[in-house]
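Across the two complexes that follow, chain A remains constant while its partner is chain B and subsequently chain C.
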Partner chain A sequence: MHRIACHECDLVHDIPPMPARATARCVRCNAVLFRAQANSIDRTLAWTFAGLVLYVVAVSFPFLAMKNGPIFNETGLLTGIQLLFEQGIIPLATLVFLTCVLIPLIQMLGLLYIFVPLKLNVRVQYAMPVFRLFKHVKPWSMMEIYMLGILVSIVKLGKMATIIPGLAVIAFGLLIFVLNFALASVDSHMVWERLEGGS
Partner chain B sequence: MSDGNSEMKHAEQAPEAVVQTKRSFSIIWVVPIIALLIGGWLTFKAMTEKGPVITITFETAEGLEAGKTKIKYKDVEVGKVTAIDLNEDRSGVVVSAEMSPDAKPYLTDKTQFWVVRATVAAGKVSGLGTLLSGAYIGVNPTTEGEKTRHFKGLEKTPLVTEGMPGRHFVLQSRELGSLDLGSPIYYRGIKVGQVVGYDFDEQAESVLIKVFVNAPFHVKVRENSRFWNASGIDMTMDATGIKLNTESLISIMLGGVAFDLRQHDPPGEPAEKNHTFRLYPDKDSSKEETYDVKRYYVMFFDQSVRGLLPGAPVEIKGIPVGEVVSVKLQFDEQKLDFKIPVLIVLEPERLDIVVTESGEIVEGAEKNAEVRETQEGSNLELRAKQLIEKGFRAQLKQGNLLTGQMFVDLDFYSDAPKEAFEKVNGYTVFPTVPAPLEQIVQRVENILGKVEKIPFGKIGQELQATITELNATLKEVKNISGKVNEETIPKVNASLDQLQDTLRGIESTLGPDSALNYNTRQVTSELALAIRSIRSLLEYLERDPQALILGKEGDKK
Partner chain C sequence: MKPARTSALRLGLVSCSACHLLSRKPQALDHGITYCPRCGEELHQRKPNSIARTWALVIAAMVFYIPANVLPMTITSAVGTVSADTIMSGVIYFMQHGSWEIALVIFTASVFVPFLKFIILIYLLLAVQFKLVKQPKDLTRLYRFTEAIGRWSMLDIYVVTILVALVKLGFLADIEAGPAALYFALVVVTTMVAAESFDPRLIWDVVGEKHE
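Coming up: the complex of A and B.
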């Protein structure tokens, strides 16, 4: 039995043991305090693994090909960033690299670092700082914005050149969903509890 | 909370049931498995689709870009450049390329690679598309040859790619001249092919030019076709005016090759692939006959052979039967003498008509057979001996008075001294007679000899004596003239003075102021008056003859 403050109205509640898929609500403002996730660890791990596979595909396969008559240009996710870098748009290149490549990877690796030991009931060092870091970088993962940008450019450029979406685009699109599923499966409450209890 | 309390109450009353947690496999793990399967399959596909990696060496990587430059055959992409590096000694570049998997069977040592760049040259503009898309690597795939992964790229675009209908031929020429890759091949003014390559032959003696004649014209290349260099302008001037003859304007600028049969040649079999032809320098020379039977003779000349060059004709009665092969200078250490051995070749096939020993008249192909037969065996030597015995001799003659070119004339000289039949270095010696010029020189020498016999010394002495006498005579003449000067001329002078006086007297008598002159003028005027009055009288009498009797009418009135 422990307490949780409502993040809307700051009323402190005692939390009773929760069955799976149950939702704890604030008695005063009816805000959702947290949801008890069923099978949280398994689901998070499963989505994270799927996400990693998709991530590898998205990074290593050609992303977009643009064809205009004899001009044929093919870029991957990383080569695109490299091109931006070479063209001197270094802040943008850095931003894209961080939000779309590095932070999703950190998120997934962080999840693995937390959840694999949880699943196996072993203890690892720095689990809590890692989970804290994971929480911190979460808002900086902006793959969906990148995807949106790509969709806009496909529509805009479609008149000027033929755009051939590569395998990586599909993988990237799926990765957005899969990563979100993985994040949604994370029962932070439970994780904190377990980490605290463990240490 | 209330629910939990009631449950707890129940539990107090009844034994707790065994809770069996189902540790079954969570369905959620299907997701990463599917993802892994798809990812694995994609990777596997990508791996298997990855074609063979080849390397091509080029002199320069101009226009090539790793990851961008394609390898194309008939404009279909069959590969992609993945990396460009310098080779070890930095003399060229090594281009690594990934080919598509179905290109595997074509990667043999006969397969050619070259870089296609935009080319703008006279008569040809190509690869303009590469200006926008960048250069690409062209490939001429062939399954022939041994499989390899390392290629040497061509620096020039080969012009014929495998599979084009047509046929390759080889032209042998002394020099390439104005021909180049892509130079057109003309058949009766129609462009039917092009030069696709050139190289030295093994001894580097001549140039072998590879040409490709497109279908369906390749069958027009017969075994007896003649190829000639059609570059430039052929200008002929005759009674009808100036005639310009050229295959096309492009061939003037770029050079070109034309072929055809000679006018009276029957068409032979279509030539096989890579049949070698001789490339004639121009159309006229392509028309000349070629002769297979060649007989070599050596002639020794004592006189100057200035103007006799290799290639000079050997003629019988003005008809060429062969040519001079070489003119050399020979020094005889024994006799301390120079001689000039001239090697000639006779082409007996040039004889048009032959009357055989049996009196048969043969012409054309039969004649050639007869000639060839004579070529073999001792028949030839016998014939040569007979001819030499009959006085068949060679003589140097002036062919062109302006340039001093000479030719060898063969003819019968029945009065020529007998010559032995001999051989030098395996060549039959053809006896010679001195040239007409030499004979003239001989005659002039004879004349000079006679002139020498004239006793110019004696003539001179006599002449001197005569001159002395003449001198004496001249002195006498001088004496006489002196006397004339001294004696006769003063007298003549005096006479002339007297004559002058006399003339002056006459002048005073007859001068304008003299009395005689005045009187004469007076008499003359009087006489004129008298004549005038007589004339008027006569006129009056003519009008009035009666006046003679009746007197003047006026008087009557």
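Coming up: the complex of A and C.
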């Protein structure tokens, strides 16, 4: 039995040990208090490793190409950001870089930093601050919106030229799902208890 | 699950915003900064200065919203002619050229969502400040909704980035980001931070006070 307060309405609940995959909801405002996960550590690690592979592909391979007669222009995920930088629009370039490139990477590396030691039953320094950072950056990871932006751009330029999606777009699209599966496998309550109690 | 039917506030407990540990409220909490005994996060009974901070951010966002809509978002130069497009002129262009779905997506994400967020946040702020909470559950749902939709306003920023990358020098046309892009990014960031600064527990505090 443990006691927690709903983060959205502050009502105190006493929660009995929960079976895997069960969700505890606040009886007053219906907020999700937490979800217990089965095999949280193994599943999170598997999805995170898959995500990192896709990430490397998404960043390093051609993203979109534009063809208009003899002119062929190929771009990577970072090209637009780099061009915004060169145009002097640094805040904008930084925002796009953070939300679509850096924060997803921080999320994955953060998960590895927490879950690999949990799996190996060892303790590492700064595990708690890292997990806190991981929680704070979550709303600022926006790859799925970037994907919608790609669709809009393709329609917008469709009349001017042919747009050819590259390998990186596919990896990027898959990464959105894989990263979400990784995040959904995280059993936060279990992680905090294990970080607190020692391995 | 047996609820204690009381708020942590009234039991003299404080819940950590990061690890959700419920601990006895330290004496020092009212005077200075205290930290969660488990994870080290700063402890607060409620998000600090929630109402004032949310108001400030909403007002700032509403100010940024004006240049974001009036100034050009993209500047396109093609063989000698230069055209500047605002968000609305882009929407109108798509409507006239048959892609009404895209027009709708851009209008919703860039114009309607920020506007809706202003309305909902102001409504929540006034409800809490004037203690006019009749349906706390609905207000909480409204809050969750604003928190979830805000990020989708980033869409146009990404479209500009992708267009700039694809249509660059060497092409017949060249697209550059206009001044509105920066203001628009500020709208998205300030409304997101505003939604995060608002504490939904304040809604329930109003209800709790009435029952006493």
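Assume the second predicted complex is superposed on the first by the 191 of 199 C-alpha atoms of A that agree within 3 Å, B and C clash if a C-alpha of one lies under 4 Å from a C-alpha of the other, contacts with A are read in each partner's own complex, and residues count from 1 in each chain.
Here is the rule we use: a contact is a pair of C-beta atoms (placed from the backbone, for glycine too) under 8 Å apart; a residue touches a chain by one contact, two chains touch by 3 or more.
Everything numeric here is computed off the predicted structure, so don't read it as measured data.
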{"item": "Clash-or-fit label for the pair chain B, chain C on chain A", "value": "fit"}
{"item": "Chain B versus chain C as contact partner of A:Pro16, first or second or both or neither", "value": "both"}
{"item": "First, second, both or neither for A:Phe72, with chain B first and chain C second", "value": "first"}
{"item": "Angle, in degrees and to the nearest 10, that opens at chain A between the C-alpha centres of chain B and chain C", "value": "100"}
{"item": "Chain B versus chain C as contact partner of A:Ile81, first or second or both or neither", "value": "second"}
{"item": "Partner chain in contact with A:Thr99 - chain B first, chain C second, else both or neither", "value": "second"}
{"item": "More chain A residues in contact - chain B or chain C", "value": "C"}
{"item": "First (chain B), second (chain C), both or neither touched by A:Val56", "value": "first"}
{"item": "Partner chain(s) touched by A:Ala24 [first = chain B, second = chain C, both, neither]", "value": "second"}
{"item": "Shortest CA-CA distance in Å separating chain B from chain C in the superposed model", "value": "6"}
{"item": "Footprint overlap on chain A, where chain B in one structure and chain C in the other make contact", "value": "16, 71, 73"}
{"item": "Interface residues, chain A side, partner chain C - complex", "value": "3-5, 7-16, 24, 27-31, 34, 64, 66, 68, 71, 73, 75, 79-81, 83-84, 87, 89, 91-92, 95-96, 99-100, 128-129, 131-132, 135-136, 139, 142, 145-146, 148-150, 152-153, 155-157, 159-160, 163, 188-189, 192, 195-196"}
{"item": "Chain C to chain A touching residues, read off their complex", "value": "1-9, 11, 13, 15, 17-22, 38-41, 94, 97, 99, 102, 105-106, 136-137, 140, 143-144, 147, 151-152, 154-168, 170-173, 176-177, 181-182, 185, 189, 192, 196, 200-201, 203-205"}
{"item": "Residues of chain B defined as touching chain A within the complex", "value": "1, 4, 26, 28-32, 34-36, 38-39, 42-43, 46, 68, 70, 129-130, 132-133"}
{"item": "Chain B-facing residues of chain A, complex", "value": "16-17, 39, 42-43, 46-51, 53-54, 56-57, 61, 69-73, 167, 178"}
